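Worksheet: one structure, shown below.
Labels A, B and C are assigned to the chains in the order they are written; within every chain, residues are numbered from 1.
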Amino acid sequence: MRRIRLGGAAVAACLALLLAACGGDDALQGGTQPNEQSSVTVGSTNFSEQLILAEMYAAVLKKAGVNVDTRLNLGAREVVFPALEKGEIDLLPEYNGSALSFLNPDATQTTADEVNTALTPLLDGKGLVALEPSPAEDKDGFAVTKETADKYGLAKISDLKGKAGQLVIGGPPELKTRPSGIPGLKKVYGIEDFKEFKALDAGGPLTTSALNKGDIDVGRVFTTQGAIAEHGWVLLEEDKPLEPAQNIVPIGRKDAMTDQVTQALNALAPKITTEELTKLNKLVEVDKQDPEKVANDWLTQQGLL
Amino acid sequence: MTDAPAPVLAAELIRWSWVGDHLDDIRGYLFQHVQLTVLAVLFGLLLAFPLALVAVRWPRTYSPVLGFTGVLFTIPSLALFILLIPFTGLSVRTSLIGLTIYTLLILVRNIVEGLRGVDPDVREAAQAMGYTPARQLLQVELPLALPVIMAGIRIATVTTIGLVTVTALIGQGGLGRLFIDGFTLNFTTPIVVGIVLSALLAFAADLALVGLQRQLTPWARSRGS
Amino acid sequence: MTVVNEVIAWLTDPAQWSGPDGIPVRTLQHLWYSLLATVIAGAIALPIGVFIGHTGRGAVFAINLTNLGRAIPSLGIIILVFTLVGFGIVPVLVALIALAVPPIVTNSYIGVRSVDRDVRDAAEGMGMRGRQVLWEVELPVATPLIMAGIRTSAVQVVATATLAAFVGLGGLGRYLIDGLSQRDLAQVVGGAILVAVLSLLTELVLGRVQTLVVPEGLAERGADAAVRAKVEKAA
């Protein structure tokens, strides 16, 4: 009977698809297998700077003859770092200060040496290792629009004292609780409570839009963001030590960081300066160029490709 | 590098040059989207049938099953995906499990409704003719329930196509990746492309399923609207 | 399971129930976005659905709108509108309205359309003309279905209003986003439970309203069957 044949065909098709699905799990993921020695999977969060750095890592590793897979744009750090710990990715472009406060939310170290020293055992415990940090730093900062700066006379962070009560501050949700955030402003600078705190994102489109539209007066930004120059914001000078050092540093799984990999990345490290990074960010964030192209062009210019 | 003022990109909805440069990526996302949807609906069907059969065979389980699945459905999809991550990792598996759960909910309802909607007279006639329960199910009840079941499959498929985009927030996403790209770059082109393609995909899937339904139920074609 | 304990602790912590980040405030924000979106959607969708039902033009569109509306990627719309207009309530409203319109259109259409031929004939026989038939016969009879459409939309909107938090606003979605950000699983679970409960309550409350609004003598079950038949035949 026609219907039985049709039914049989349907069942067969389903089984075939199922088998393909089980075996093809890798195909769906883009060919990544956790923990294979022969290839390194480079991951990144959603932000353009991360994408640029990850593409750089991928390119220099490929040049050094390493098999590379990229899994970029994976989401927020909360989602991506555990993937590194689990072995779903092998390498991440990170920031020593942020990595430290991610692993230890109560951390208060600020200088690069202190941060690196505190970070090492924490990473070690997870089978991870930090390679050579770069001179480039993308620090956490606070920005206001030019109008706000003029109106309240703001040039450095300590200028906020006495005026915070009239200002709305915005940033990632953890700004409210982290030592380097609002509690730190209180403790180190003696700044009183702000008028309101709005939980937005970490230097992302929400904070940018809210700052430009006046829904917040002070925003948490990252110092290499293209948006600062693009919108003419005033980055408040950090006149007291609060924010930890934030050197770019590759963090990877120990078993994936072979000599080959380490050498290639350590050769790259010193070339990444804050100035260069800011320039590259602008190309991607403001001019909407492709991170891969921007990274490769720059590496070629630097003679690394 | 150029010092020219940054073009006002938000006002320009689609930059076709970007689309041209990224055709490969877009194709990849589309493919991933289709794969996730097809697999979720298939797995959903496989799991829904036994559940539905249980609910039909033992009618007292119907209300609890319906209630339970109804409640699960109100759980925000993002929450479900986030909750699965610690267990199944940042992988396709997490997305698939979440998506399958949602299709399952829709399909169970429809399969049960479809089977229950079969005229009791027809069932009695089949029994009188000596059909075994299995034959009765396969050759009488299921074909008659097909329109309602297919309606459920259509709904599940189209809903899943929408849900897949949410998985972009946990690193998958198919076409949803275009939304995230556009969001972080403050660039409307990928977003518009993503929306248009998901809508087209849903439309195409719906049409295909309608076509499939017509093939499988030729006797229903003569009934006008 | 300790996660369960943490969630219970989070939900019962009195600190959660007071202040600008507290559950009551967030719930009110959530309901506000939902209410606003549903009302505006109704204002747009009801006239359209009723018109199509009354005149019969554009029927195919109305019937299939709900199913296709399900494919609208709300996340995509909210992100698009945000990128165009920036921070504020508009992106959320547009996305939620887009979500709410289809079921109301479809259900209104079917409701008005499925008024029995006989009833309409009788009305016309009594001398009623087009608009009178609409207001005094079709709409009252269509009420159960229209209400069902509004109910479906409202529940979907409440469940999806979690997106507001994605673009920096309030509502119960904040617990999902903040919980993810602060790696506080209890908060995520707690938030999810609250949203689920709110959706269910919406369904129940509107169901009650529906029974109150339906004119006597109209059984909803009949209307449901009419919807199903309509949808199947359209296939």
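Following the convention adopted for this analysis, a residue touches a chain if its C-beta (ideal position, glycine included) is under 8 Å from a C-beta of that chain, and two chains touch if they have at least 3 such contacts.
Fair warning: this is a prediction, and the values are worked out from it, not measured in the lab.
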Between A-B and B-C, the pair joined by more C-beta contacts: B-C
Chain closest to the middle [Cα centroid of all protein chains]: B
Most distant chain from subunit C, judged by the mean position of its C-alpha atoms: A
Averaged-CA centre spacing for the pair subunit C and subunit A, given as whole angstrom: 38
Distance from the mean Cα position of subunit C to that of subunit B, given in whole angstrom: 20
Approximate Å spacing (C-alpha centroids) for the pair subunit A, subunit B: 33
Subunit B, residues touching no fewer than two other chains: 86, 169, 180, 183, 186-187
Residues of subunit A touching at least two other chains: 79, 205
Residue list for subunit C, restricted to those that touch at least two other chains: 82-83, 180
Subunit A contact footprint on subunit B (complex, rising order): 1-2, 6, 9, 15, 18, 21, 28, 32, 35-36, 38-39, 42, 46, 85-86, 89-93, 138-139, 143, 169-171, 177, 180-181, 183-187, 216
Footprint of subunit A on subunit C - complex, ascending: 82-83, 86-88, 167-168, 174, 177-178, 180-183
Residue numbers on subunit C that touch subunit B, as the complex places them: 64, 67-68, 70-77, 79-80, 82-84, 155, 159-160, 162, 173, 176, 179-180, 185, 188-189, 191-192, 195-196, 199-200, 228, 231-235
Of subunit A, residues touching subunit C in the complex: 76, 78-79, 170, 172-174, 177, 198-201, 205-206, 209-210, 212-213, 215
Residues of subunit B defined as touching subunit C within the complex: 10, 70-71, 74-76, 78-80, 82-83, 86, 147-148, 150-151, 154-155, 158-159, 161-162, 165-166, 168-169, 175-176, 178-180, 182-183, 186-188, 191-192, 194-195, 198-199, 201-203, 206, 210, 213-214, 223-225
